[in-house]
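One structure, pasted below without further comment.
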């Protein structure tokens, strides 16, 4: 598809999503779409560091969780929610940079388990300091507008994808991808690996933090430590890989696929979706590293190829030609 | 005995060998000479099975090697003494030698073969309980050759055996190579020290930029103008 | 007397530390030989625990006796998992190997966690034998028979592994492959079979540790991540290259955890280990006992 057609399709999709709550009156669908948008944001933000920069970060939930804490606190103290969400994102960035500076000295798998270690440390600490549930005050509950949350989530998801697009196509984005491909070669040609990793980390953690704010905005009550649990990281990671790691629409496609299948499977057996996704994830890692996006492009190529090889309907002929049958 | 037929070898996307063809007959010493990076090591590694040819084939006594893993190729009778020796540094001389006889074919005769290796390299017997990493360069080279001999090879591939060694030791190593050859082991020898290699080789190939550019008997090569200026110090 | 509580805690810490070491040794072997980081290692431990639990619950077989069945079972599971999954990862280059094995292990862990919940429910399980509550008493310190038995078994298993790797021909071929797989291949060592063997042994050791956890402590389908982390912490603390070092790392972790509980309470027990892990990872990546 050409760029303009892609743009048109995307715009049409956003318009459809924007009018969805007005057309469909069902709360359960709105909630489902909310989850999808949140997943897109979390996955796309992970994708920036994990996919484009190639640094597999297993501590993403920590940024998300920090965002929930900050936003919840500010919002309950009277700050408008959008300001609270923004501040949540910024605090997440500061937190990320503080742990990023030392952690980025680790490479590859060591970075991965190091970030996991940090995230678990944060989770346990939060669980100890705040072992309780945070609940929406009654006046907030009375005024709870689901559609508002829906639009907030949609806007955030769109913003995350847009910023990712802009970042990846910028000069900085080139440097970030260079770090993924070959960190040492990049350094040798003047691309500061650390600087680019930190930039990717900053953008990644910002959106994770704002997503945390969104989470705090949406949920009526939850345990403070809930958003710090590693499954938030693992979900984002799986969605990104299944959709297509290091691509722009991979996380989007993956989130749609993930949330839909999870809903569909939840009817029969709870949590069975993890089993299915674990299996799909392994298949992706082994056989189709580009995920659904790669599967799609491969299918397109096959279709294109078959169209090229058969420009006209087969002609009955005595002489055997290529691709023809007698 | 060994036939390389037009092999192309790549390291990821980088082509290292273009259509390399060479042969080694039973009982011969064949030399590969050429400058650094010409592809000589790649040729030996590919024959040994550590790299696979993208095009072409390698046959040993009629059996195709290009799909076989390196450890099966050892079993067929080819042993590599690699550049840099690749010893098991944390293990003793004895343990290194023993591991050399790992293949089924050689394992039964392990003790007899080791006796022979000790005859060829008495020093190794003296130091048999010493860890390989504590040996000197020359001793490590001896151990590397000895370990390769433990698999009872029909063809010995030697990659720069004289590299970094003192002249006296180099002389000794080359004498040993001739000694091994006289026992019936064919040798494919890669050497920077072209003169020493060509003196002892029945035939030789010149490798430049991943291609075989010359082929002649060892004696003729020594007198060849281009070879003399490029690889023999121009005398 | 307060000092008794500290000593008692320390003893308990060392007793569990032996299991940390046993859990880590399998992962360390696999990583050292194949450069594969199987983060589903904790799940394999969990399966060992359930195997032992069911041998006991269904057939009344003592858990220390059923080890003779659990260990071969996990060995076979290791062969299946390697042949089915991890062998494909070993075909990659080293940098890709570690990352892809991490991802693959992660997917496998999800599947195994879920399978366990489905098959055996999320309930906490523990084996209670006739001697489960009994303990010896040495100078005022309680030594539960079950935990001491586990420590002894762990020591024996680790010693057996050490002897296998240093004194047998096959064991030495495994070490050779770990040191330099190309060198191993050119002396005729079947590297692919060595990988398979190492992975199967690593899995069997995890299963053994799990069996001991099920009798001395308790198991549930969620312990996978917890024990994988423990194993990772021990490996990072100890460094690579020495089986004895890994055991020492496990004991150290157990000891430090229990001493910290004495001073700052149980809520931060896991955090202490994680913080040590991060410090060593950042400041002394080779580990404290490794080469």
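The first chain written gets the first letter, and so on, giving A, B and C; residue counts start at 1 in each chain.
Definition applied: a residue touches a chain if its C-beta (ideal position, glycine included) is under 8 Å from a C-beta of that chain, and two chains touch if they have at least 3 such contacts.
Only a predicted model underlies this, so the values are computations on that prediction, with no experimental measurement involved.
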Identify the chain pair joined by the greatest number of C-beta pairs in contact. A-C
Would you mind checking which chain's C-alpha centre is most distant from the centre of chain A? B
Using mean CA coordinates as chain centres, what's the gap between chain B and chain C in Å? 43
Can you compute the centre-to-centre distance for chain A and chain B, using the mean CA position of each chain? Integer Å is fine. 53
Here the gap between chain A and chain C, centre to centre from mean Cα coordinates and rounded to Å, is 33
Interface residues, chain C side, partner chain A - complex: 37, 85, 88, 95, 98-100, 102-104, 106-111, 113-115, 117-118, 225, 229, 232-233, 236, 267-268, 270-271, 274-275, 277-278, 281-282, 285
Show which residues of chain A lie in contact with chain C when the two form their complex. 56, 102-103, 105-106, 108-110, 112-114, 116-118, 120-121, 124-125, 128, 230, 234, 237-238, 241, 269, 271-272, 274-275, 277-279, 281-282, 285-286
Can you list the chain B residues touching chain C in their complex? 48-50, 69-71, 74-75, 79-80, 82, 86-91, 95, 98-103, 106, 147-148, 150-151
Complex contact set, residues of chain C against chain B: 169, 172-173, 175-176, 179-180, 182-192
